[in-house]
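Labels A, B, C and D are assigned to the chains in the order they are written; within every chain, residues are numbered from 1.
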Amino acid sequence: MDLLDLPPVGATTWVVADGYIPPGSTGPVPEMLSHDSVCILNAGGRAAKVDISVFFTDRDPAGPYTLEIAAHRAHHQRLNDLQGPEPVPVGVDYCLLLRSDVPIVVQHTRLDSRQAANALMSTIAYPAA
Amino acid sequence: MDLLDLPPVGATTWVVADGYIPPGSTGPVPEMLSHDSVCILNAGGRAAKVDISVFFTDRDPAGPYTLEIAAHRAHHQRLNDLQGPEPVPVGVDYCLLLRSDVPIVVQHTRLDSRQAANALMSTIAYPAA
Amino acid sequence: MDLLDLPPVGATTWVVADGYIPPGSTGPVPEMLSHDSVCILNAGGRAAKVDISVFFTDRDPAGPYTLEIAAHRAHHQRLNDLQGPEPVPVGVDYCLLLRSDVPIVVQHTRLDSRQAANALMSTIAYPAA
Amino acid sequence: MDLLDLPPVGATTWVVADGYIPPGSTGPVPEMLSHDSVCILNAGGRAAKVDISVFFTDRDPAGPYTLEIAAHRAHHQRLNDLQGPEPVPVGVDYCLLLRSDVPIVVQHTRLDSRQAANALMSTIAYPAA
């Protein structure tokens, strides 16, 4: 079996509905820095161009933020680290819409270390198309 | 790419089966107040009317509770904050059925701060139709 | 809208693959007793008969454990509390297969309070049929 | 009902996008050792051969790691414990692709005990085929 000859796996449109970067952290950084992340697999043989749009409660959406993910690669992206076209605001509710030009798989994970010890949550995102 | 010209994304009927508002909290409020929430994306160009019904173990369902979510907007709703037609009871098991007149995406998240530090759980809800 | 006149919602076969009752607890019982649970919505107008089978690593499956869930009702079941045909063992890996005679929705949640503070995890189960 | 005469349940290709073994632990081992795991149900009557491939950010994928799961059995596998063809690195982002020759169900769970108390996250993996 050739791991570099796999068909593409997943969907091209994904949604995360509970987006939030916790404002504050307890413990060593960067490991225990509170963060919200999208973890992406591009299993296939072509690079993926992924556009992320950020939706808010009371303003028009921001983005797209564009990621390039090489063929046969994992990419775990902290929303905290996206800078352009504008930083994702901390302590603000948002939703994410991800669109890729090749099939990918997306999982959403948050680490919240605002209180002593850390809390984790994770879910496969919603595959929309 | 025009973020305001996206097709609707998601489903119109969603279920959360593990509903529960933890009775008690540790830490500063409102951030660390124990809560149960539904986080909703309305990516499309029409406002969404979302009816939430609450099912219980030993009585007929309550609701519907109605949310209006504008086009291209996120809406994170704490069940704790729904008041009409009646408050959602605290410390009681329930399930949620959400029905929207346009496609939406729903994610269920609970923050439980009854003990020291907070615990988090989250899952994309079940898209039923 | 009549909440008691909704069509059935969900699937009739569901799987939980990560079953485990943590052996030990910290904090007040029964709220903070470590537990593994399946939370079920029967939104439709007919009572549900749900058979739960428990699969293990090194022995034949146990069950079925049978639940009756009335029409239009929620039912949150701690695996710890199932007694017949035999108690579900504590501190042992298992998987769950749930089969219902009417459509239901199943969510899997664990509360683990073995260490100070509690940890939570939850996911919509896998709808197999 | 004969629990040993059930049809196979699930899918043959599954993805976990947020793979990570936390580097460090607090509390007694092996229970509270930080770990990342895939929990698998093989409900049907034939043994399953499951190939796990591990994708990374900046190198070609590793594997396949092969599991044999007997008919009618649960199997919870800590990624920490996979040794061949090479150990899964600790503290490194990865994604998992699982392929089975019979239908299975996969759930992804992480226990992170780097800080005081433990944090848990879990999700049904993404069924790709």
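Note that in this section contacts are C-beta pairs under 8 Å (C-beta built on N, C-alpha and C of every residue); 3 or more make two chains touch, one makes a residue touch a chain.
A quick note: this is a predicted structure, and the numbers were derived from the prediction, not measured.
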Subunit B against subunit A, contact positions shared by both copies (same if over half, else different): different
Per Cα centroids, the chain farthest from subunit A: C
Approximate Å spacing (C-alpha centroids) for the pair subunit A, subunit C: 30
For subunit B paired with subunit C, centre-to-centre distance based on mean C-alpha positions, whole Å: 21
Touching two or more other chains - residues of subunit A: 116-117, 119-124
Partner subunit C, residues of subunit D touching it in the complex: 1, 3-4, 6, 9-10, 26-27, 31-32, 37, 39-41, 43, 72-76, 105-107, 109, 111, 113, 116-124, 127
Residues on subunit C engaged by subunit D in the complex (per definition of touch): 13, 15-20, 51, 53, 55-58, 60-61, 63-64, 93-95, 97, 108, 110, 112, 114-117, 119-126, 128-129
